[in-house]
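This is the structure I want to talk about, given as structure tokens.
The chains carry the letters A, B, C and D, assigned in the order they are written, with residues numbered from 1 in each.
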Amino acid sequence: MNNILNHIGIENYIFLSVILFCIGVFGVLYRRNAIIVFMSIEIMLNAVNLLFVAFSTYHQDAQGQVFVFFSMAVAAAEVAVGLAILVSIFRNLGSITIDNLKNLKG
Amino acid sequence: MEMNTNIALVLVLAPFLGFLINVFFGKSLGKSLSGIIGTLSVVVSFIATVYFFSGIAAQPEGIRITLFDWIQISNFKVDFGFQLDQLSILWLLFVTGIGSLIHLYSISYMHDDENMHKFFAYLNLFIFFMITLVIGSNLLVMFIGWEGVGLCSYLLIGFWHKNQEFNDAAKKAFIMNRIGDLGLLVGIFILGSLFSTVDFTTLKTAITTAPDYNDFWFSVAALTLFIGACGKSAQIPLYTWLPDAMAGPTPVSALIHAATMVTAGIFMITRLNFLFDLVPSVQSIIAIVGAVTALVAATIGLVQNDIKKVLAYSTVSQLGLMFLALGLGAYEVAVFHVITHAFFKACLFLGSGSVIHALHGEQDMRNMGGLKKAMPITFVTMLIASLAISGVPLFSGFFSKDEILLVAFHHNIPLWVVASVASIMTAFYMFRLMFLTFFQEFRGTSAQKHHLHESPSLITIPLIVLAILATIGGLISLPGNSWLNGYLTPILPKLANAEHHLGTTEYILMAIAVVGGLVGIGIAYAKYIKQNTVPTEDAAISGFSKMLYNKYYVDECYDAIFVKPINFLSRFFRDTIETGLSALVFGFGKVTNEISYQGKKIQNGSIGLYLFVFVLGLCAIVSYLFLAQ
Amino acid sequence: MSTILIIFCVLAAITLATAFLTIFSKNPIHSAIYLVICFFSIAGHYLLLNSQFLAIVHIIVYSGAIMILFLFTIMLMNLNEEREVHRPRITRLGAIVSFCLICLVLIAIFINSKPIVGEYVTTGEDYQSIKVLGKILLNEYMVPFEFASILLLVAMIGTVLLSKKEKLQK
Amino acid sequence: MNVSLILIILLVGAFATYLAGDKLASKVALFFGLASLGSSIVLLNHYNLGENISFISQWITQPNISFALKADGLSMAMLLLTTALTPIIIFSSFGNQYKNSKSFYALILFMSFAMAGTFLASDGLLYYIFWELSLIPIYFIALIWGNGDAEDRKKAVVKFFIYTLAGSLFMLVAFVYMYQQAGSLLLEDLYKLNLSATEQLWIFLAFFLAYAIKIPLIPFHTWQANVYQKAPTVGTMLLSGIMLKMGLYSVIRWQLPLAPLAAKEYMYIFIGLGIAGVIYGSIVALRQKDLKKLLAYSSLAHVGLIAAGTYTLTLDGLRGAVLQMIAHGFVVVGLFYVAEIIFRRYETRAIAEMGGIRTQSPKFTSMFLILVLASVALPTTFNFIGEFTVLYSLSQINIWFAILGGTTIILGAYYMLKMFQHVMLGETNSKVFADVTVNEGITLVLIIGVLFFFGMYPKPITDLITPSLEEILTQINRIN
């Protein structure tokens, strides 16, 4: 069986993942709409997942994929709860701009 | 030996038992019974003393009784023990003897007071402590008595405790005594560390045989002990409490502040004569202090109008004379004067008490006069005592005072002059007192005049006994043939070699003293009988006599030098330092709070900032971990 | 250049472009749609790496479940582009700085930490079929697997509770 | 039979009191207090017969900590002080009604437990735990049952808590350092350490901070007067009667033997500090308007003298200090009780509002006067023995120390008699002062009895403490 990485190279996946991750970071910092911030977080998660899968192939080991599987489960749960929180914030404040959420101010 | 121990315990504990009975059951016993119990307990002590006195000739080295270990110090231990030798027995004799008389007197004198049982309790306690002081076998047991009599003095001066001025006087007496006590303690410390003992007998051996004694520390020890004596025996600079102590009932003044407690300093110095003999510099200080005290107190006494104040200053003055004798190394003379002084001064105080009693508490001599007829016994006894104190020949005071002057003359002429002047003044003010009180017309209110009466026999009997003693007391040490000197030889070894001859000088000096005394009396007669002068009102006193009347403003000076600064310091500490320190401690809290308050501003709630810092931190940590590899 | 590399490049371009668009589009609905495309491209990557199971799960979970949730939420909130307030310059600067920084650091580390091998080995073992994965999951990772289900259950309950309208306090 | 029995009794007592309910709490607490006193007397007998009543067992293996309770003469003396004062203090509160009294009395017993533990512990960490443990009950006692304005009280008590806790932390640091060096915190192992002079100095200072705040020495005393004033009298008694002595005891037990070089090097400074405290405390006490505050400052003066005695590093100094600790423990409890008795009748602690009590209650006056006199160290009271010995030891170092320290007998007499005069004497007070009740009388008579008995016959205590003090001295004088 031919290893796909022979054609692509692990470093390309690394670059891809890193850039994707950084886009996520950038999004989190740049946007103030909580939904978009959430989406950026999803992008980061996917960047990591992607890398996992790439390395799983690289090491010829299924553990990485299992890990991605769990990570997806967690992501699903996180999104569900997170969005529920956003909805209740929206209900209370009428907006989901994160700058308004300053109740934790010292 | 067992017998002696038991009798000694009876001697000590009888007054204490009296105290306990009066404290716990005094009120229910009733006034007379409590007075009788109080008196009896002292009489028992007196009898026990007589027992020891009769036996002392057979045991010249004295009796020592050790009861139990008391205090343990690393280099010595202090026993709780008694020492009954010539000196202590002599003191016991007049302490318990005069004590009994004064107890007897008090039964009548204090009969109107609702707290009479307390009065007797305190008196008994005083006798108990005085006995402890006298018969303690070491400095610390003596110190128990020393402080204990101070306590009783405090209690008795402030006996009428509703009056805050009396309480002030009591407090003053206690505190001034304590200044002296600190001196005494320091002296004990020095002796203890030098000789590893505070026991009189071993101390005597140690000091007299000390091969290379440290002169400096000896002097310091002697000086500090003398400061202790100054406090208790009211010498300059610690004498001001004694006149104020007259706030107490008159029997107290007679017993504590004339006859017994104030002689404790003389007792202590005589007890430690072997130490003081080694330090001539301290001896001269003692002599000078004594002479100056005698003179200063006598001058103040010249113009006082309160009958008890006159006697108080007279006491201070006489104590000064005794210290003069001590300073000159003539311990036996000082002891002699202590005894005669105890007789005549107790008599004078009790007499004045009788007068005050008759006048319902009046103490100002300007409101007296002409009491001779109304109170003949009081008058006669007081006259005898006055003659004795003035040094009129054949009365006891003549012999003792003359001895002091003699000693002073032989050592130092200026001291003799000072002492002589003080004696002349004494004669003057004593007869001023007599003339103002008993002669001329009565100057009080008519109500008082109506009630004038001679005091009951319980008061007059002690007066008569004391007057007799004041007359014949001189017999114990006649010039040239002194029983006292022989008796005290075991305590004062150098007496054995002393010569007692009476030459021309001595007779001339005696004559001068007698003439001086008579001159004093004469001046008083001229002024208060011939011219019929009555001292002016307080406001009208002016010039030097005003200064004398106000006691040289010594109290005011002490107030300004010590009391006020301490009170100022106290307020300053309380209001400034305490608040400052407190603020300093709170300051730590405030600083912490402030830091936290500033730090809180970073947490401004901006999630963007948090994330940015988070990213930076992440980068920093990751690069650090990477670079560290 | 092999076909596979070309496919990779196209997929990677799509992934990155849609990810950027997700972040930059003003309308949240557009963002969501771009994100869906992004996820599909990532699923393509998975397929490329021969993990069919994961690719399918990914599409089901992300595109099917998560994105639908997102869209629902956006619609529920009725978000429009005007809502977005303009960001201050300092924030943008910060975002760009951290983007560059983290990019730099991560790439530097990944490149330096592990020498990239030229030849990629193939053991020939089957390690990524559903059968194998299933065995691993239900044997070795039995407990975490069950915990994942509990996590999801809890998340569900939590979501229900959170999104329920609170009653007025009595 | 060993000393852990007493700790168990006190701890069980605390729980039993809490469970007994509000009505029975005080009596149950008294019972357990007496039980601990009884058992400590029995233990004392065993100890005097030469039996080993110490208790050591491994507690934590990693780090190496033992549950070590060592009872020597010194510890036994302090233990007896604690167990003797505890029932007296509990009994003294019988005239008062406290809300939630089951917690109140349980806390008292718990505090006794912690203090007894402090006196017994011979393992550093165990000691530290007991030391800090004793702080918790007094915090609640003062905070909940104290008097005065609640805000002020909270301020004072929280200050006290944080202040003493902060000081103790330095002690913990010192222990940690020594543990690193010795690998154990048992006292015997710590004695074997060979620390350099610099190390010893730092350890000495760390301990000093903890103890100076607890004792307290000036200028670390600012918590004292306020807390004494705000705490309920029972709390004040616990603080001044026993807790202060924890600090002084620790100086003798821990600070001096563990850092002897530093102690010897800087002896004069610390003696000077103690004596400065004597003079300062006495002078500040002169002008206090509040009776409890005055007593607090008098306490400051007395402990200053005791501390000066301990730092002389002589047998006399240590012995005098221990004697004076015990004497002061009893006297100060008695005096605060007197303040409480007056408070029960007049509802005030301001000296200006008192006066003229003597005519109304002669018995009370006599007992008060005896306590005042004991406090100013009149001979025949126990305090005299202690003060004399301490002053003597000071005179051995330098005669000026003795003279300056001796001003306490003058200034002490001044402020105490001044206070007595304004509180008790003068024209009869218009407010009625009921004579002392039987309970109050018994308490005071017990205290006075102890003071007089040991004032005349201190030998039992001297004999008890001297061997252990000598042992400590050999540790101090060991050659490093």
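Note that in this section a residue touches a chain if its C-beta (ideal position, glycine included) is under 8 Å from a C-beta of that chain, and two chains touch if they have at least 3 such contacts.
Molecules present, by chain and UniProt name: A = NADH-quinone oxidoreductase subunit K; C = NADH-quinone oxidoreductase subunit J; D = NADH-quinone oxidoreductase subunit M.
Fair warning: this is a prediction, and the values are worked out from it, not measured in the lab.
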| item | value |
| --- | --- |
| B-D or A-B - the one linked by more C-beta pairs in contact | B-D |
| Central subunit by CA centre of mass proxy | D |
| Euclidean distance of C-alpha centroids - chain A vs chain B, Å | 98 |
| Cα-centroid distance, chain B relative to chain D, in whole angstrom | 37 |
| Distance from the mean Cα position of chain D to that of chain C, given in whole angstrom | 68 |
| Chain B-chain C separation of Cα centroids, rounded to whole Å | 102 |
| Per-residue overlap in chain D, given as positions that touch at least 2 other chains | none |
| Numbers and ranges of chain B residues touching at least 2 other chains | 608, 612, 615 |
| Residues of chain A engaged with two or more neighbouring chains | 25, 29, 32, 99 |
| Touching chain combinations (by label order) | A-B, A-C, B-C, B-D |
| List of chain B residues in touch with chain D within their complex | 23, 68-74, 80, 118, 140, 143-144, 146-148, 151, 154, 158, 161-162, 164, 167-168, 171, 174-175, 178-179, 181-182, 185-186, 189-190, 192-193, 220, 566-567, 569-571, 573-574, 578, 581-582, 584-586, 589 |
| For the chain D and chain B complex, residues of the former touching the latter | 159, 162-163, 219, 221-223, 225, 280, 283-288, 314-316, 319, 356, 358-359, 362, 366, 373, 378-380, 385, 388-389, 391-392, 395-396, 399, 402-403, 406-407, 409-410, 413-414, 417-418, 421, 424-428, 456-459, 462, 466 |
| Touching residues on chain C, where the partner in the complex is chain B | 91, 94-95, 98, 101-102, 105-106, 108-109, 112-113 |
| Residues of chain B defined as touching chain C within the complex | 608, 612, 615-616, 618-619, 622-623, 626 |
| Chain C to chain A touching residues, read off their complex | 2, 4-5, 8, 12, 15-16, 19-20, 22-23, 28, 31-32, 35, 38-39, 42, 45-46, 48-51, 53-54, 57-58, 61-62, 65-66, 69-70, 73-74, 76-77, 79, 83-85, 87, 91-92, 94-96, 98-99, 102-103, 106-107, 110-111, 116-117, 119-125, 127-128, 132-133, 136-137, 140-141, 144, 148, 151-152, 154-156, 158-160, 162-163, 165 |
